[in-house]
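You will see subunit A twice below: alongside subunit B first, and alongside subunit C after that.
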Partner chain A sequence: MTDTTEKAAATAAGAVAQAAPEPAPPPRTARLWRGLTPWLFLIAPLALLITFTYAPIANMIAYSFTDWDGVSPELHYIGGQNYTEIFTREDLFQVFFVSGYYLAASVVQIVAALYFATILSFNVRFRNFFKGVLFFPYLINGVAIGFVFLYFFQDGGTLDAVLALFGYHADHAWLGTPASANVSLAGVSVWRYMGLNFVLFLGAIQSIPGELYEAAELDGAGRWHQFRYIIAPGIRPVLSLTVILSISGSLSVFEIPYIMTGGATGTETFVIQTIKLAFQFNKTGLASAAAVVLLLIILAVTWVQRRLVPDSADNRMDLG
Partner chain B sequence: MTRRALARTLVYLSLILAAVVVLLPLGVVVLTSLKSSQEMADDSGALTLPDNLLNFHNYVTAFQDGRMLSAFGNTAFILLFAIGGTVLIGSMTAYAIDRFTFRFKKLVVALFLIAALVPGVTTQVATFQIVNSFGLFDTRWAPIVLYMGTDIVSIYIFLQFVRSIPISLDESARLDGANTFTIYWKIILPLLKPAIATVVIVKGITVYNDFYIPFLYMPSEDLGVISTSLFRFRGPFGAHWETISAGAVLVILPTLIVFLFLQRFIYNGFMRGATK
Partner chain C sequence: MNHRTTLAGTLLAGALLASGCTGTGGSSQGADAKAPDDPKTVSGTIKVLTQRTDLVQDGTMKKYAAAFNKTYPKVKVEFEALTNYETEAKIRMNTENYGDVLLIPAVIKKTDYPRFFASLGTRAERAKKYRFTDFTTVDGKVYGQSPIGVTPGFLYNKKVWQQAGVTQWPTTPAEFLTDLKAIKSRTDATPYYTNFSAQWPLTSWTAVNGSVGCDTEATTKLADGDPWAKGADLRVGDTLLYDIVHQGLIEKDPTTTNWEASKPRLAKGQIATEWLGTWAIVQFQDAARQAGIDPDDIGFMPFPAQVGGKFCAVVGPDYNLAVNVHSPHKEAARAWIDWFTDKSGYDKDNLAISPLKDAPLPDVLKPYEDEGVKFIEVSDAKGAEVKAIDDQSEVGINKPEYRQNLVDLARGARKGSLDSFLGDLSKKWADARKTVDSR
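For the complex of A and B:
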């Protein structure tokens, strides 16, 4: 696709170059070419964007009103039946409660990230080491993390061995009951994603001019006051961005529970369920409706956040 | 102990605790990967040291039986094309948006922005049908086009850099007879090197670690990338934690090396990418 664009751009470029030396090029063609040039650069990006983002959204909405199985040429329009099913069938609806665990984990994650970003923005020994250690999990492959923590929660695995060091012999299958399995998995997601929030906060804190702290210190402000009146307002846009990323992240958890439990013992999340509906049970229509619901929730969350924190919305619109 | 000293001690304690929480699960997996299946069966506990610290037998098994070589090959292939494509697509879009005024420009920008709000996981059911209809399902091109097509982060990073390149450069090149495409290729693109480095790193790590897209679009075993190949360890190696651990370490190691060498760029890249 890129290849053809380049060719097209090159031909266009050739045409312009040929036209240039002529004393008086026909103004209409020249204007046409000038109007066309930006589009030559945008053909490939727009084609990809429409084919792989907008067309799927449109199709998905259309599928969601049908009983299509994803394979057969036959599909019937069944109105809002899929949507009714999602909100009334208890087994389908319960995946939302699983998101609650991850939502709670996000709170822990943001608080921890904020704490470590604050203390590491002051002078601390081995600062770069701690920074690296806290961030590194974010870069690790999800499947590898899944295996590392499967072993961690294994009977006689890492966690049990550590607890035994302290004289506590846990006779507890960590991934055995829905509540404990979900808490364990949500803990893994804190382990994995805390570093990203931490680095974002750290960057925001470091962009606050240092004189502010000095002035505050002269005024006798302690660390807590510095945090409360300088750091917290300074990182507000990043904080609000993190909150929204956490909410949409909590709703669309997939990798870790899929790899570690396959969605068993009540750990099935929205995305796991959708994937199973679509690709194992061939219920493309129902899966599409579920995906539309998820998309709408996420868009609603984003919208609310933009209303609440308008300054970060400005940052986003910066693209224009 | 004064109050200040106490606070300092608590700060360091919390940092050390956090470091232990991060490093312990990883460290234990490294230990496990060096144990023999005999030692694993003895059940001496996860924290015991392996008898032989240089026992790389499990790595050989994981690498050969886990088909890691072909996995690294497939990943490299996808990385090459997906990143090359992302750089071209992203820089072209940024150039067009920043340097031209044209009709529907606002609409185009809005299309890219709104797409950034739609999480990829929600649309896969329908995306799958489209990829399938192009005959790309179960080929390495499916992830490549998907990674290329939806990357608003790189467009944003490029845009920031294109903006900082003075327009007078374009104008003087134009006076020398360069056309728009030459300006993009010979002037803008070379000046975008720092942005390209950022995009290559951020995108590279994302693609290397992605599980969802290759898992859905490339089910055949020959097309395993490192995440899907590692995922398949669950089957044949079942409860052989020493082999699974070795596989996990093999997958993490390249990331660790890249991270240690490029730390500063990686932090900056993710900061720039996420705070868009």
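For the complex of A and C:
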């Protein structure tokens, strides 16, 4: 923190020295303050950003080059050994197959969210009620969702009971086999995150001026054509943001499978594996390296995607 | 732009430097927590970290503290209950502020004990009075003491087992399986409940170590040999678990088991058997009382294996209590540990085995005495090596994952055979042993 202010002060002082020959310069202190002001405003956000984002990341990167066990005062610098281990152990990457289920689920999620957002952006009865219903799951704590759905999928639980109402007597252990367990968990994640996508889409759709629809209707465009030629191009930046979020989300799935199955029965994801390395086998160094690798993979995927589907220049969105 | 990069660079370097000095300094290393000479003079406020959230909430811990104050009037005891003890304590131990009395987390390497904890005395002197001293001994000094001793075993519903026509404890794994089959065919009860979803109960299957071969050097054998060799303790235990699951003697859907709900269900006779430990008896008896059932219906039996016609029960420590080496009130902290192990009655309240060598066995183990079950303590001389190999190999003999995989294998949710599964574990273990030895 002091570092930041001192630097800013030094920069300001430098500027003062250069500007000296100018006629009637304001007093030194006033110029100093003027140079400092933007930094003063930035102190709080920068402090938070550095303390809670960059310092931990820097720490994590530093740990990834050590053999630290997470608590012992002794830690040795072992160079790139952790990275070599990660890239030479196939079993560490097998868990990415599980992400395939979540990727498939996010396609369903985006399509469903888009469908509901489009419908509810038109005049529909009870539309505010339905908006609430769709967004509600996103507001619930992830841990609570995990526990609720454990009962839901239980033998003779909610799902079985509902199916029985329709005359289908399922005798199926929903979390019992790897395929069925992953599909069930991915279903929970769709249920949970669809609301967020839905709200993003709805917001984007509503920012499209209403006259466009009226004009389109006058020209005889039906609902499908309105969607195809007005809504879809209009929300393109938000759509591409959602796709990026879904892909990085699918690669780093964590809380739902961790709470519901703990990674058993072939539902282990990369993050669960990393947690296990760090907190069960006390290989904090190796786990940090795995986390760095995941970060790089996600950055790479995002970059590739931005290259493949660039935003049109006129409505570029800043993804930060 | 330039400014920004230099600023980021400085910050990054700073963070790297900061991370270099992780952990607590070894300045207080080798401190002793001596027992106070006069209980009336020792004073201070001590904080006790505990995993027993239930006892802190219902005020039981306060009652212990009040009783303690009768002998030590000037010591104030405060409790802090951690719900996720292992992880939370581990993170706190990176600072100096981890209570005055705490339970030694499993993650701490034995060789690091002197850095984190104050010594309670020499092994030679403490072993005369207390059990389990070698679990916390480093260079002849003892750093912790467990307030209770536990022994693993099957909790079972006596009525269900009788209904199935079984009156004698099974003496071999094969006999045990036959009995479970009888329960399945003659009663409505689930013969065995895995607690697959709660995960940690599966880890108690590692506690068969020592009871199968009645061998006090069982842990040393884990460090020196193959835990899954033919006839080895862990292989016998894992094979039994595999067979129980494979023959369909468990609940219908293990992936959605419910630990809390399993207690009243066993008491009511809907579940016949669970492999846990003496520590669980008190909880199941409470569940029985709440369900309006006679708590005496809950029985406890040893692992079905005999050596020379006798069952063997391994008595081991629970979490060990220790004094923080940075504590300013080491005498008061030591006083609490001594009083809690010797006088509090915590062991009796938990129907557990006392850590005092000359104390009698709890009543629940009366049937053990009648059957002539032999109680042994397994030496922990090589415990640190076993832990190192276990972490290095990522097998996790005390972690739920490999038993969950075993159960999945047995019920067909995972491909492979038992032999190749256990063979794979042996290989990982052997490979890790080589690298750990060479360090």
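One rule holds for everything that comes next: the second predicted complex is superposed on the first by the 271 of 320 C-alpha atoms of A that agree within 3 Å, B and C clash if a C-alpha of one lies under 4 Å from a C-alpha of the other, contacts with A are read in each partner's own complex, and residues count from 1 in each chain.
Basically, a contact is a pair of C-beta atoms (placed from the backbone, for glycine too) under 8 Å apart; a residue touches a chain by one contact, two chains touch by 3 or more.
It should be emphasised that the depicted structure is a prediction, and the values quoted were computed from it without experimental measurement.
Trainee: Answer with first, second, both or neither: which of subunit B and subunit C does A:V71 touch in the superposed model?
Mentor: A:V71 sits against subunit C, while subunit B stays out of touch.
Trainee: Between subunit B (first) and subunit C (second), which does A:A55 come into contact with in this model arrangement: first, second, both, or neither?
Mentor: both
Trainee: Mind telling me which of the two, subunit B or subunit C, contacts the most residues of subunit A?
Mentor: B
Trainee: Classify the contacts of A:L42 with the two partner chains as first (subunit B alone), second (subunit C alone), both, or neither.
Mentor: first
Trainee: After the superposition on A, what does A:I259 contact: first (subunit B), second (subunit C), both or neither?
Mentor: first
Trainee: Looking at A:T177 after the superposition, I want to know if it touches subunit B, subunit C, both of them or none. Which is it: first, second, both, neither?
Mentor: second
Trainee: Identify the partner contact of A:G157: answer first if only subunit B is touched, second if only subunit C is, both if each is, neither if none is.
Mentor: Both partners, subunit B and subunit C.
Trainee: Who does A:V95 touch here: subunit B (first), subunit C (second), both, or neither?
Mentor: After superposition on chain A, A:V95 lies in contact with neither partner.
Trainee: Could you say whether A:I235 touches subunit B, subunit C, both of them, or neither, answering first, second, both or neither?
Mentor: Neither partner.
Trainee: Thinking of the overlay built on chain A, is A:K276 touched by subunit B (first), by subunit C (second), by both, or by neither?
Mentor: In the superposition, A:K276 contacts subunit C only.
Trainee: Shared contact residues on subunit A for subunit B and subunit C?
Mentor: 50, 54-55, 59, 63, 70, 154, 157, 279.
Trainee: Applying the document's contact rule, which stretches of subunit C touch subunit A when the two form their complex?
Mentor: 3, 7-8, 10-12, 14-16, 18-20, 22-26, 86-87, 90, 93-94, 105, 107-109, 112, 115, 196-197, 199, 252-253, 255-256, 258, 390-391, 394, 396, 399-401, 404-405, 408, 411, 413-414
Trainee: Considering only the defined contacts, which subunit A positions touch subunit B in the complex?
Mentor: Per the stated touch rule, the residues are 1-2, 5, 9-10, 12-13, 16-17, 20, 35, 37-42, 44-46, 48-57, 59-60, 63, 70, 112, 115-116, 119-120, 124-125, 128-144, 147-149, 151-152, 154, 156-158, 160-162, 164-165, 191, 196, 199-200, 203-204, 223, 237-238, 241, 245, 248, 252, 254-255, 259, 271, 274-275, 278-279, 284, 287-288, 291, 294-295, 298-299, 302, 315-317, 319-320.
Trainee: Can you list the residues on subunit A that touch subunit C in the complex?
Mentor: So the residues of subunit A touching subunit C come out as 3-4, 7, 11, 50, 54-55, 58-59, 61-63, 68-75, 150, 153-155, 157, 173-178, 181, 261-266, 276-277, 279-283.
Trainee: What residues on subunit B touch subunit A, complex-wise?
Mentor: Touch list, subunit B to subunit A: 7, 11-12, 14-15, 18-19, 21-26, 28-29, 32, 43, 45-47, 85, 88-90, 92-93, 95-97, 99-100, 102-103, 105-106, 108-109, 111-113, 115, 117-119, 121-130, 145-146, 148-150, 155-156, 159, 177, 179-182, 184, 205, 208-209, 211-212, 216, 226-228, 230-231, 233, 241, 244-245, 247-248, 251-252, 255-256, 259, 263, 266-267, 270-271, 274-276.
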